[in-house]
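One structure is given below, encoded as structure tokens.
In order of appearance the chains are A, B and C, and numbering begins at 1 in each one.
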Amino acid sequence: MRRISLTLLLALAFPALAAGAARDTKLSLVAYSTPRDAYGALIPAFQKTPAGKDVSFSQSYGASGEQSRAVASGLNADVVAFSLAPDITSLVQKKLVAPSWSNDKFNGMVTRSVVVFVVRDGNPKKLKTWADLLKPGVQIVTPNPFTSGGARWNVMAAYGGALRAGKSPKQAQTYLAQMWKHVVAQPASAREGLQTFLAGRGDVFLAYENEALFAQQHNQPVQFVIPKATILIENPIAVTSTSQHKAQARAFVNFLRTKPAQRIFAQNGYRPVVKGVTQGLSFPNRPQLFTIKYVGGWPKVEKKFFDPRTGVMAKIIGSSGG
Amino acid sequence: MTGRYAVRFASLAYLAVLLAAPVGYVFWRTFEHGFSPAWHAVTAPDALHALKVTLILACIAVPLNTIFGVLAALAIVRHRFPGAGVFNAVVDLPLALSPVVVGLALLILYGRGGWLGGHGVVFAVPGMVLATIFVSLPFVVREVVPVLREIGTEQEQAAATLGASAVQTFWRVTWPAIRWATAYGVVLTTARALGEFGAVSVVSGHLAGQTESLTLYVQDRYQSFDEVGAYASAVVLALIAVATLVLMTTLKPKEETR
Amino acid sequence: MAARADALALPRARRSAAPGLGIGLSTLYLSVIVLLPLAALAWRAHGWDAIGSDQAVAALKLTLFASFAVALINAVAGTAIAWTLVRDRFFGQSFVNALVDLPFALPTIVAGLTLLALYGPKSPAAVDVAFTRWAVVLALLFVTLPFVVRTVQPVLLELDTEMEDAAASLGASRVATFRRVILPNILPAILSGVALAFARAVGEFGAVVLISGNLPFKTEVASVYVFGRIESGDPGGAAAASVVILGISFGVLLAIGGVRRWATRHDR
């Protein structure tokens, strides 16, 4: 009897404590740099929902690879949102994210985009397909996939584009080697890549549609074309296994896939992962769109193309001067 | 006489290309849309907080490196201990490390699983302080060492024979001679502490509103295509550096009439 | 006024603990701040064979050549600028003096953007050196500008003009006076600044990365190569490459110290 009344007493005397504990939930979001504005709108939207009522956030935005390495080195994170899946799988290997992170109906993804060609005003060299990039005198700007993880999307888009055009895998690799001979600048990040292009270098810059749209929204003179065959970029999100607030973190991730949240992403230039939120926005379908699975899936692709010593790209880039 | 003008002309031409034009460009990009947008950019809450973080970094790193710099310079030049030459060369090594690697080394040491890991050093201001100290370490030493060599020990030895203690000798004889050098060393150290990006970026964890220094804020503005914000913040850093120089030069002793 | 430390053999009766304390404290500081992180880096380094790859060697060569070139240019230009700022008198001199440290205080991304805008494809002066090796040299000259200037300035300020006046009154030309009277006295300072400039040039990343275009074998510098190692999941290789670069820099810095000792050998 005494125990029960003590509990009752405590519950009555300290209701504030109970409510305060819920109000004190602070989620740490560690994300790559581009969706900063999007999350700036998404977090308040989440906090207006019942699930997000008493949740506050600490936010961190930086280059995707750098952020992933920071989390691996101990940066506290409840939700991680990166530019490409390998930045999350490296955390799985360090037991910071559960291997089942992508076992949901979205395969762990929260936004999408495509690889596009950013071109000069009016596209004077008429660059529309991957084959066009090999025309004599065409100068390409693309980050080096070894100094910018995101640039791996560009390489796989080119490779898959060659496959879609009917080439065999060997021929497609030759295509990559030929294409790389046209590369005249290899900026260290996508943002620097756009800067390099806008400063006057090159005829085409390989970019992601969401970043090109974001630049346009910020009054940059960016024009782009989407090749018929291009890769579907998918940006992953996960709750860490070290999170102290897994329930609220999952609630946040679930929220991000609801229609209102996806609409906000779409307004920021991302292709959504759900249907029915793109009214008034332009995300053209591409007839020969393919995913990373078409070219082998990330684990195979990482080893085959991007191994620092034996990868196809290591050989192409590591011998381009001789 | 033409020699003087030739040197002046050559120096100013070099500075025009490498200094005046770039600095002018930065100011132009800051104010090309007027004073108001630039002002709003640097008084935004995130910008002010970033400025506060940068000032904290500088206010810790600069005094520590200055004290170290003078002590180390004295040790290297006056108290020739075994290994002084190696010590002298090690002092410069922090500069030869690329900033990302500095960050990497600090993460290895103080991050999860590191020898000194798990004490809230990295991804917090203490880690940023360590990174700032690391990259701005050599300047006071490098400034003071040549002057100490130049002035020689005669006056110091004279003071010693007259009965002065080591501390008195330092304050009355050595310090007045190395004041200018120390001042310039402080200016360089401050400038580097203000402007460091790479190493601080890696150890900061980019926690918005908490661990963003002004250089990280510049990067963030640049990333968001807010170019006025980026350049304006750079101007703030430049003004602080100039203010430091002005402060150091106005502390000039009155009896030097050169 | 060269050092004659051993000329007077003084009794050591008043030796205090101060020198030992100074050495001890500064060594401790240096160890904790610099040596400990470097040890952690060296410990994590592995994959030493990767540094022998063609691409790594090319990046290292470019970095070393550019850094030497920049150090030499700074030795001359920095001295001339320090001279102009100390011994000359012209309108706007203090203004110019105040600007000298700015390449240092500006974040490296701003330095890169500025140099790209001024000396790249859309240069208003039609000077386009971007994405070439000259771009690397230009960016490095920009960020190392203050060093020799600021190390020579305090020495020039302390320099007694009596000897120069004496030389002039004995009929020496300005050039001879400079070469025989002034230069020996400022040479240690020049070398000090050269050491800083060389070290900084070797390690520079931010100012170079945008304007150089990072083309392997052409304009990729060592710091970009190392960054690529980290970004592609090979921090051990990055650490190994950095240790090699540090070792080479250390050798050069020791050599600069040796040059100084040789150049001032008659003063000891």
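Simple rule for what comes next: a residue touches a chain if its C-beta (ideal position, glycine included) is under 8 Å from a C-beta of that chain, and two chains touch if they have at least 3 such contacts.
What you are looking at is a predicted structure, and each value in this text was computed from that prediction instead of being measured.
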A correct list of chains touching both subunit B and subunit C reads A
Farthest chain from subunit C, comparing Cα centres? A
Counting C-beta pairs in contact, does A-B beat A-C or the other way around? A-C
Nearest whole angstrom, what separates the Cα centre of subunit B from the Cα centre of subunit C? 14
If you average the CA atoms of subunit A and of subunit B, how far apart do the two points sit, in angstrom? 37
Centroid from C-alpha atoms only, then distance subunit A to subunit C, rounded to Å. What do you get? 40
Shared-contact residues (touching 2 or more other chains) in subunit A: 69
Residues of subunit B whose C-beta touches two or more other chains: 222
Where in subunit C do residues touch two or more of the other chains? 113, 117, 227, 230, 235
Under the touch definition given earlier, write down the residues of subunit A that touch subunit B in their complex. 30, 33-34, 36-37, 58-62, 66-67, 69-70, 72-76, 191, 214-215, 218-220
Given the complex, residues on subunit C that touch subunit B span 1-5, 8, 10, 14, 16, 18-19, 22-23, 25-27, 29-30, 33-38, 40-41, 43-44, 77, 80-81, 83-84, 88, 90, 94, 96-111, 113-115, 117-118, 138, 141-142, 145-147, 150-151, 153-155, 157-159, 174-175, 185-186, 188-189, 191-193, 195-196, 199-200, 202-206, 222-223, 226-227, 230, 235, 238-239, 242, 245-246, 249-250, 253-254, 257, 264
Hey, which residues of subunit B end up touching subunit A in the complex? 107, 111-113, 117-118, 122-123, 201-202, 205-210, 220, 222-226
Residue numbers of subunit A touching subunit C in their complex, please. 65, 69, 90, 144-149, 183-188, 192, 195-196, 199-201, 306, 308-309, 317-322
Residues on subunit B engaged by subunit C in the complex (per definition of touch): 3-4, 7-8, 10-12, 14-15, 18-23, 25-26, 64, 68, 71-72, 74-75, 78-79, 81, 85-102, 104-106, 108-109, 114-116, 130, 133-134, 137-139, 142-143, 145-147, 149-154, 157, 160-161, 163, 165-167, 170, 177-178, 180-181, 183-184, 187-188, 190-192, 194-195, 197-198, 214-215, 218-219, 222, 230-231, 234, 237-238, 240-242, 245-246, 249, 256, 258
